[in-house]
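Structure below; questions to follow.
Order of writing sets the chain letters: A, B, C and D. Residues in each chain are counted from 1.
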Amino acid sequence: MATTKRPRNRMFRNINAKIAAIPMVLTTLVVFVGGTIWTVVYSFTNSKLLPKLKFVGFDQYERLWSNSRWLISIENLALFGVFSLIFTISVGFLLAVLMDQKIRFEDTFRTIMLYPFALSFVVTGLVWQWILNPSFGIQSIVRSLGWESFTFNPLENPNLVMYGLLIAGLWQGTGFVMCLLLAGLRGIDEDIWKATRVDGIPTWKTYVIVIIPMMRPVFITTLVLVAAGIIKLYDLVVAQTSGGPGNASQVPAMYVYDYMFQAQNLGQGFAASTMMLLSVLIVLIPWAYLEFGGKKHG
Amino acid sequence: MSYSIQVKDLKLDFGAVSVLKTLNIDVAEGEFIVLLGPSGCGKSTLLNCLAGLLDITDGEIWIKGKNVTWAEPSERGIGMVFQSYALYPQMTVRGNLSFGLKNARMPKEEIDKRVARAAEILQIEPLLDRKPAALSGGQRQRVAIGRALVRDVDVFLFDEPLSNLDAKLRSELRVEIKRLHSRLNNTMVYVTHDQIEALTLADRIAVMRGGIIQQLAAPQEIYNRPANLFVAGFIGSPSMNFLHGATVDNGRAFQFGETKIDLSGYDGGAVLDRPRAILGLRPEHLLIQTEAEPGRTLPAVVEIDEPMGADSLVWLVAGGTQMSVRVPVERRLAPGTRVHLKVDISKASIFDTESEKRV
Amino acid sequence: MAEAVHPRGTKPRRRLSGRNIMLYGTLLVFSLYYILPLWVMVMTSLKGMPEVRLGNIFAPPVEITFEPWVKAWAEACTGLNCDGLSRGFWNSVRILIPSVILSIIVASVNGYALVNWRFKGSDVFFTILIFGSFIPYQVMLYPIVILLREMGLYGTLWGLVVVHTIFGMPILTLLFRNYFSSIPEELFKAARVDGAGFWGIYFRIMLPMSLPIFVVALILQVTGIWNDFLFGVVYTKPDLYPMTVQLNNIVNSVQGVKEYNVNMAATLLTGLVPLIIYFVSGKLFVRGIAAGAVKG
Amino acid sequence: MKKWKLAAGLCASVALPSAALATDLEVTHWWTSGGEAAAVAELAKAFDATGNHWVDGAIAGGGGTARPIMISRITGGDPMGATQFNHGQQAQELVEAGLMQDLTEVAERDHWKDIIYPPSLLDSCTLDGKIYCAPVNIHSPEWLWLSNKAYADAGIPVPTNWDEFVASAPALEAAGKIPLALGNQPWQSNLAFGAITIAIGGLDLWKQINVEKNMDAAAGPEMAKVFEAAANARKLAAKSTVQDWNQATNLVITGEAGGQIMGDWAQGEFAVAGQVAGKDYTCLPGLGVNEYISTGGDAFYFPKLKDPEKTKAQLELAALLVSKEVQVAFNLKKGSLPIRGDVDLSAANDCMKKGLGILAKGNIVPSGDQVWSADVQKQAEDLMVEFWKSDMSAADAQAKWVEILKSGL
């Protein structure tokens, strides 16, 4: 029972907890870290169909950044990302606030708003492709009602196609965000509401000044979920527009996939993936620093 | 002398932050120790270390003559009661009481016997088949104590067990805990930030701040002879009055502004001449009178008086320092009245301003 | 947690106040936006092709036919296989059950370990895990192929289960971690003093308290795994292809004219399982989210 | 945890494939349109007749969707029995990595060298003197398909070449038709451009650029004319918004569009729709200008398998694919040309016969798949889809195009 026993003891303390953490440790180290390093390393090679360690320096990156399709993809993703974040969260919040007004049929409304989340992006893309199709979708319906000059064909207009995707993306995702935020709203102490009412602060102001700051954790969770979805945007585009018309709705994930597998240029695909990961890191590191580095847990 | 708990050079770091700094405590068998201090002082952390819920960085913990530094909480022979009761919500009271015994694979008859005994001691027999959600706060805390009781251990650890209760229940349960202690006569370590609890329950109090034990002594000792300025200020309500001045005349007098107070009869070490010193006077050790006594009184002006039922507090200003004095409730003083405060120097404390230590 | 699911706003006073008209009006407009595609899908799937071609996509069918549903379920072809979605349905179920179970077990244990049994570097692993949720699946496709090959799991059901577990892990672990950290730590401490170990506390204390978050995890995983196409097709072989592969085949292999009615029926059939789960457990979902996402 | 293991075991045992008597061979391909599926059925029928069993692994969505799956399966160590690739450079690295079955034995026994025509097809399957794939058909993309109905509706004669087609466009538009149908998938734009290159630029230019890799010619004035022509063609296709190639073909079949530049596989769609060449539709190989066709096509590759029984079945399938009967049956349904000159295709329709004639004359060029890497092709596709769907100037497009070709040198 001397202190010399300690190191061994420490190693095997809570051994079950350590065993239980193995899947997570392996996943993070092997898959996420390992896979990322692997991808980065091979992005400096000229691997074609199969990964080969023949290094070519920054060639793949030079080519990537001079490729107009890649540049369009980045631009599109930025556009989609910004609008998607703004709209999913603001519409989601608006709906959550409305749902929080002791309304009747709350269950029905919630089900209606949430069900699209159960459907895959492939399905979402197909349905909206159809509804937005000018020859039998909204445009033709409005025209058949007599408004002959009505034009609404976002999927065929390169300048509008990203908004067409946005309509579908919002349809699929806002319900879930609404649920998250509704949950957040209901987690707020009733006394806060009483206090603001006593202070005579108008309701809208209470939301802006008191409630939203108090919901910071929910907003962060929501942000993580929504942003992770945006970066991965792929299925929806493939199903709804295939990146068209032209290259007008290309997104980075499609570029990665196409060059890795269709063009059989793994190096180029990996370079593009690396850039995507890098941009994720640039966004996430400051956040992670604030979230985990700044304050102590426990 | 056999110790129930010995803490030897215990250190605990969270990363670069040192939370507990080389603590040493010996607890005698059957002793009731209260860890007292403001929040963040490390008192709960120390208790968690004793329980084995936190791995310490250095040092040793011995319980009942065994080195348990690296033992599992359940192997240390302790029972623990938490502030939020920590009752398992999905289990009945009986389930809560017997959970630990079942984990120890105790025979069923023995479990039943122990549960019955604990329920009897705590008078919770009618509640045994209820879920915690159906209990009141006081009942919940009784069950929580019962959970420690059934373990039949020699050491009880209490982590602010009464802070979630209202004032009435708190004093009731306080008495109950005291009764329990005198009945079972086991060792108790009790964490609180409430000095009344500390003063009423403890055999000895350990006052902590910043991960360091400031003073470990019997309640009266702590009250009357606080080891330093922090302990003096922390214990007692309202707080001790502090007069900033100097000791003069080879330590025979305390100079406070124009007034000089004679220090003969001071209960402490050599006072010496100190250019900066603090005279600490508890509100109940001052007497309000109308005439001055040179070297025994200091002049003051009444600001306000607060009748508190049993007695009354008078707030005054003396030499620019606000002071409070406890007086019988019948004694009313109008604001602005000029009075003199008589000092009982045998109960006063003098602190060195630099070291903050009592002289 | 249960008390956190009641509405908080001011009580409506009069039935037909301006405020209520605004409130319900807005909700109805949004509901229209959400319900419209489902309406279109259902209506179209009940029409014959001639009517689809002529008519208004929003109009209900003049003549209801279940032919497209039958065709989507049992007759639609991909390549030589003309047995519709029925073929993939049971495969999907076979993939779904072990994947959902394993991924939820692993993620809940992760969350529990991260909250209550922190070890050196556990925050680092968690942070990496969150980064992981941002990695596009396409990027990981190739490394995972290599990984599964080395594990000898490539092309097997268990390989796919592992993949679903890996990619479900970040978000689920986040939710479980948040949920478990909202359970008072003292409860965990009490159980340790009572001599319960890692698994004892997990099964006896944590699990019984965690129904809502398990429902959320269940819904998210059922939806995600059921709707997955990429992993199902890349990491398994045809006799294990999930329903979505057939859906893709039906929708993408155009034989002459696109049979929109069959496509819509196929789409609805494929979405049926997650849809039913949503309709049934929507309320628990919100409750679970309330408990799992609110606490940071 | 024990329960889970038990459940896991149960699931795994259900997942085990049932043992079959005949050798099952899983064949993956992306032939899922009407005509294509009918053609595959012929292959399956013939293979099943040998006592083996064809397990169909069709993956819809075209080569772009299917190829990653196939490559993943092969490199992942769980290969299928046989898989379709476009012959050319697509599978080269898999062969080099030693993942593919050597077919030389079968090829020599059946004298593939003597019967496969044009020989370039077999060259594409050969690496270091060994043969690794069995070509099944020849596809030539350079066809213009015209709807007789559309022209009848517009009241003008069906054009006989590209220039006439361009000239007829205003009349078609006046009749409410789309002159040129073009799907949104990127490869379709690239294909159309390739066809226009041969038609407008001619064979010499084509060979200079694609075979001799003469970049000056690619940047030269003759090629500029091709780009101008393509820029002109994109105006004709401006109103076409369909996605898949066969939806575009369908526009021609129904007479909503005047014509479509598409490979010879399009006639499978006409056939499924019950249309007759010459009467309902007209086909112009080489866009009716230069009657040259490129000879790309599909080939089957056979990944190495451990089970010797399966290897035997693979070789049987390889031999079968090249055999006369299968060639006839398959290509008639698929609308593609056979890979051997010695088969009787009297049953072939007008268009196929035109193709056979050109083939017999030897007016052939290698396909893009054979001369350029997939990487170059993909980049060209990206450029073309952008060019066809935007107002990028012909000169800009040409400059970018040259850059892309240079990346593949």
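By our rule, contacts are C-beta pairs under 8 Å (C-beta built on N, C-alpha and C of every residue); 3 or more make two chains touch, one makes a residue touch a chain.
Quantities reported herein were computed from a predicted structural model and do not represent experimental measurements.
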item	value
Partner chains that chain A and chain D have in common	C
Farthest chain relative to chain B (centres taken as mean CA coordinates)	D
Geometric centre distance via CA averages, chain C-chain B, whole Å	54
Distance between chain centroids, defined by C-alpha means - chain C, chain D (Å)	38
Distance from the mean Cα position of chain D to that of chain B, given in whole angstrom	87
Residue numbers of chain B (touch at least two other chains)	none
Multi-chain contact sites of chain C, meaning residues that touch two or more partners	141-142, 248, 251
Sequence positions of chain D contacting 2 or more other chains	68, 75
For the chain B and chain C complex, residues of the former touching the latter	48, 51-53, 72-75, 78-80, 82-90, 99-100, 103-104, 144, 147, 151, 159
Residues on chain C engaged by chain D in the complex (per definition of touch)	77-81, 94, 97-98, 101-102, 105, 141-142, 145-146, 148-149, 154-158, 233-235, 237-240, 245, 248-258
Contact set on chain D toward chain A in their complex	63-64, 67-68, 71, 75, 90-94, 97, 184-186, 241, 243, 373-375, 377-379, 382, 385-386, 388-390, 400, 407
Sites on chain C touched by chain A in the complex	4-12, 23-24, 26-27, 30-31, 33-38, 40-41, 56-58, 106, 109-110, 112-113, 117-119, 122-123, 125, 127-144, 147, 165-166, 169-171, 173-174, 178, 197-199, 223, 227-230, 244, 247-248, 251, 260, 263-264, 267, 270-271, 274-275, 277-279, 282-283, 285-287, 289-291, 293-296
Complex contacts: residues of chain D adjacent to chain C	4, 7-8, 11-12, 14-15, 17, 26, 28-29, 31-34, 37, 40-41, 44, 54-62, 65, 68-69, 72-73, 75-78, 80, 244, 246-247, 250, 253, 269, 272-273
